[in-house]
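Each in structure tokens, the structures are laid out below.
In the two complexes below, chain A is the common chain; its partner is chain B in one and chain C in the other.
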Partner chain A sequence: MKKVVALLFIVALAVLLLYVVANMPPMGDPENPTATHVISRYLERAEEETHTENVVTGVILNYRGYDTMGEVTVIFCALAGVLAVLGRERRGVIHAFVDRSEVPSSVIVKTMVRFVVPFIILFSVYTILHGETSPGGGFQGGAIIGGSMIIFTTIFGLYESSRRIPLKVRASLEGAAVMGFFLVGALGLLGGGNFLTYAWPRVARSLQPSLVVWLTVLVEVGVGLGGAMVLISILFAMIREEEEIAPAP
Partner chain B sequence: MRLLHNYHYAAAMVLFCVGLYTVIVRRNIIKKLIGLNIMETSVFFFFVSLGYLDGGIAPIHAGAADPARMVNPIPQALILTGIVVAVSVTALALSMVILLYRQYGTLDVDRLMREEEPEAAEGGKEE
Partner chain C sequence: MGTALNLVLILLLLATALLAVNARDLLAAVIIFSVYSLIMALMWQRLQAPDLALTEAAVGAGVTTVLFVITIFKTRRREEE
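Then we have the complex of A and B:
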């Protein structure tokens, strides 16, 4: 009964939404409202104003830097929430990752993961540092690092992977994304400009382009490292078992 | 017909309805979360396809790329933000689900609503 009512409701909603879609402007038309307003200014001036070839990166980090700063704060708060709910592992205590699968990982899988993970991390570094000139950026690279550590942890277990990335390192880098944004914003204030504008009036004009590029890279690296560490910490908090096996020597 | 030409939008709407149906009908909390993620994905899909341009190129000033032919970069930038927020929401929700399962020993919403005391749950761990 409940299912029938739900299905009727969903079908009514779908008909309504599809009716709206049928009356929307045709997709891909250059005359669409989405393609005729602010976008042309972004596309034409982005390269000279933000000094990034990738307009998406320019929009995220420069034109809408405040938005991205707030978003970075959101993932930091999500991590804080997860740790408040599940708790963090304590230093000096070995935490177990109980493998509930029937078959333990074979030698082939272990060797492959050991071989592949460094290359994944290398690729993520490329994604982070090349985010201005090609598709990519801090969030994507950070997600790739997090994904590589998820692969590693599923095969080798929590103990092995938390030895690779100790609690100290994670705890100090989790705020890197937020810190990067605030640092660059504060440096902009010291340079005589506005918060997060990347343009410093007190610096010679000829140095401006390279200054903007370096500050953008700094923010990207901060976002990448911070995002990766947040993902890894959330993963560790989720798979951590309550039982503590033995205190470390 | 406009609906067939806008098939990206139509697909996003259908995906949204599938996600909403999952959220309403499924009793397992994790499946409800999967439905929520399907809904989020449909919104991202709709938004990114709003910025599509016929014969458009990626919004990257490489070589002699013509700005007039580039697709709209703003939906892509906004959706990048949206994806990160969706991941945050999912992570927080999943951690609460883990805690619920530890307390009550079940993921079924109907049974969770009936349970009053954590001690009364069968199979639940004592905290």
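Then we have the complex of A and C:
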């Protein structure tokens, strides 16, 4: 009986979804609501209004800055939730389950990781700072930094990697993404505009383009650093094993 | 050429999605899911969304997989008891 009800429910859901898909406008049609609404304005005027060559970055950070601020807040809240459940690591007694692995990492792996991680971090710096003109940006770059630290932690253990990025640094940088947005928004208010508008009416017109670019870069760097630190802190909170909690060998 | 590539990608995507759901071993499911994310990143690139492709490759295939693996290693299956 239960199975029949479940099957009926699934079939009904499938019919509904397929009906909606069949009624969707075809992909790439110029008559689409997505193509006739605000996209044309973005494509035509994004470069002069946001002064970024990559329209996607202009849309994410400038036109839809409020959306991105909300997303960044969600990520920050995720970290707060993880830390509330799992807690921070304490200095001195921290171990990760990777430290206790029966298979030690070989010299080849260690050398490769030590060699490659700086280049990954360099690439993420490029992704963050060049995000205005090429695909990428703060969030992607932050995720790449987080990935590089994950590789480092799985090979060298929690002790070594939390020495490289100590708790003090992480705790003060975790809020960098949210703080960056609020700082730029508040600066916009001081400059005589609206919250998060990037355009300051009180500043001379000739200075506007470089001002917008620098504010965008500030937000990008904030999002990158904040995202990276949030990911690293979640990883550390998840793999830490303190001496007294760890099971006896 | 383009259509054939799209077709192969969609078939691989469907196959990895079904395999990830049906896998008995959780670790295998997570690894297949990371392959799913990689194919998804290729799809985003095909759909001309390179920003999204970068995010999917870094977060979906990289960070999430590691977090899932850590969770599996730190928890126990109930059947073992």
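Note that the second predicted complex is superposed on the first by the 217 of 249 C-alpha atoms of A that agree within 3 Å, B and C clash if a C-alpha of one lies under 4 Å from a C-alpha of the other, contacts with A are read in each partner's own complex, and residues count from 1 in each chain.
Going forward, a residue touches a chain if its C-beta (ideal position, glycine included) is under 8 Å from a C-beta of that chain, and two chains touch if they have at least 3 such contacts.
Because the structure is predicted, anything quoted here is derived from the model rather than measured.
A.B. asks: Which partner chains sit in contact with A:Ala46 here, chain B, chain C, both or neither? Use first/second/both/neither.
C.D. replies: First partner only, chain B.
A.B. asks: According to the stated criteria, A:Thr127 is in contact with first (chain B), second (chain C), both, or neither; which is it?
C.D. replies: Only chain C is touched by A:Thr127; chain B is not.
A.B. asks: Between chain B (first) and chain C (second), which, if any, makes contact with A:Phe139: first, second, both or neither?
C.D. replies: both
A.B. asks: Applying the document's definition of touch, where does A:Ile108 land relative to chain B and chain C: first, second, both, or neither?
C.D. replies: Neither partner.
A.B. asks: Report for A:Met238: first if it touches chain B alone, second if chain C alone, otherwise both or neither.
C.D. replies: Both: A:Met238 reaches chain B and chain C.
A.B. asks: I want to verify the contact counts: of chain B and chain C, which reaches more residues of chain A?
C.D. replies: If we count touched residues of chain A for both partners, the winner is B.
A.B. asks: Could you tell me if A:Gly147 is touching chain B, chain C, both of them or neither one (first, second, both, neither)?
C.D. replies: In the superposition, A:Gly147 touches chain C alone.
A.B. asks: Is A:Leu18 touching the first partner chain B, the second partner chain C, both, or neither of them?
C.D. replies: first
A.B. asks: So, A:Leu86: does it touch chain B (first), chain C (second), both, or neither?
C.D. replies: After superposition on chain A, A:Leu86 lies in contact with chain B alone.
A.B. asks: For chain A, which residues lie in the overlap of the chain B contacts and the chain C contacts?
C.D. replies: The answer is residues 56, 60, 135, 137, 139, 231, 234, 238 of chain A.
A.B. asks: In the complex of these two chains, what residues of chain C are touching chain A?
C.D. replies: Where chain C meets chain A, its residues are 50-51, 53-55, 58-59, 62-63, 66-67, 70-71, 73-74.
A.B. asks: Where on chain B is chain A touching in the complex?
C.D. replies: For chain B paired with chain A, touching residues are 1-3, 5-6, 8-10, 13-14, 16-17, 20-21, 24-25, 49-54, 56, 58-62, 67-68, 70, 72-77, 80-81, 83-85, 87-89, 91-92, 94-96, 98-99, 102, 125.
A.B. asks: Show me the residue ranges of chain A that touch chain B in the complex, using the header's touch definition.
C.D. replies: Going by the criterion above, the answer is residues 2-3, 6-7, 9-11, 13-14, 17-18, 21-24, 26-30, 34-35, 38-40, 42-44, 46-47, 53-56, 58-60, 64, 67-68, 71, 74-75, 77-79, 81-82, 85-86, 133-135, 137, 139, 227, 231, 234, 237-238, 242.
A.B. asks: Touching chain C in the complex: which residues of chain A?
C.D. replies: Residue positions touching the partner: 56-57, 60, 97, 127, 135-137, 139-140, 143-144, 146-147, 150, 154, 231, 234-235, 238-239.
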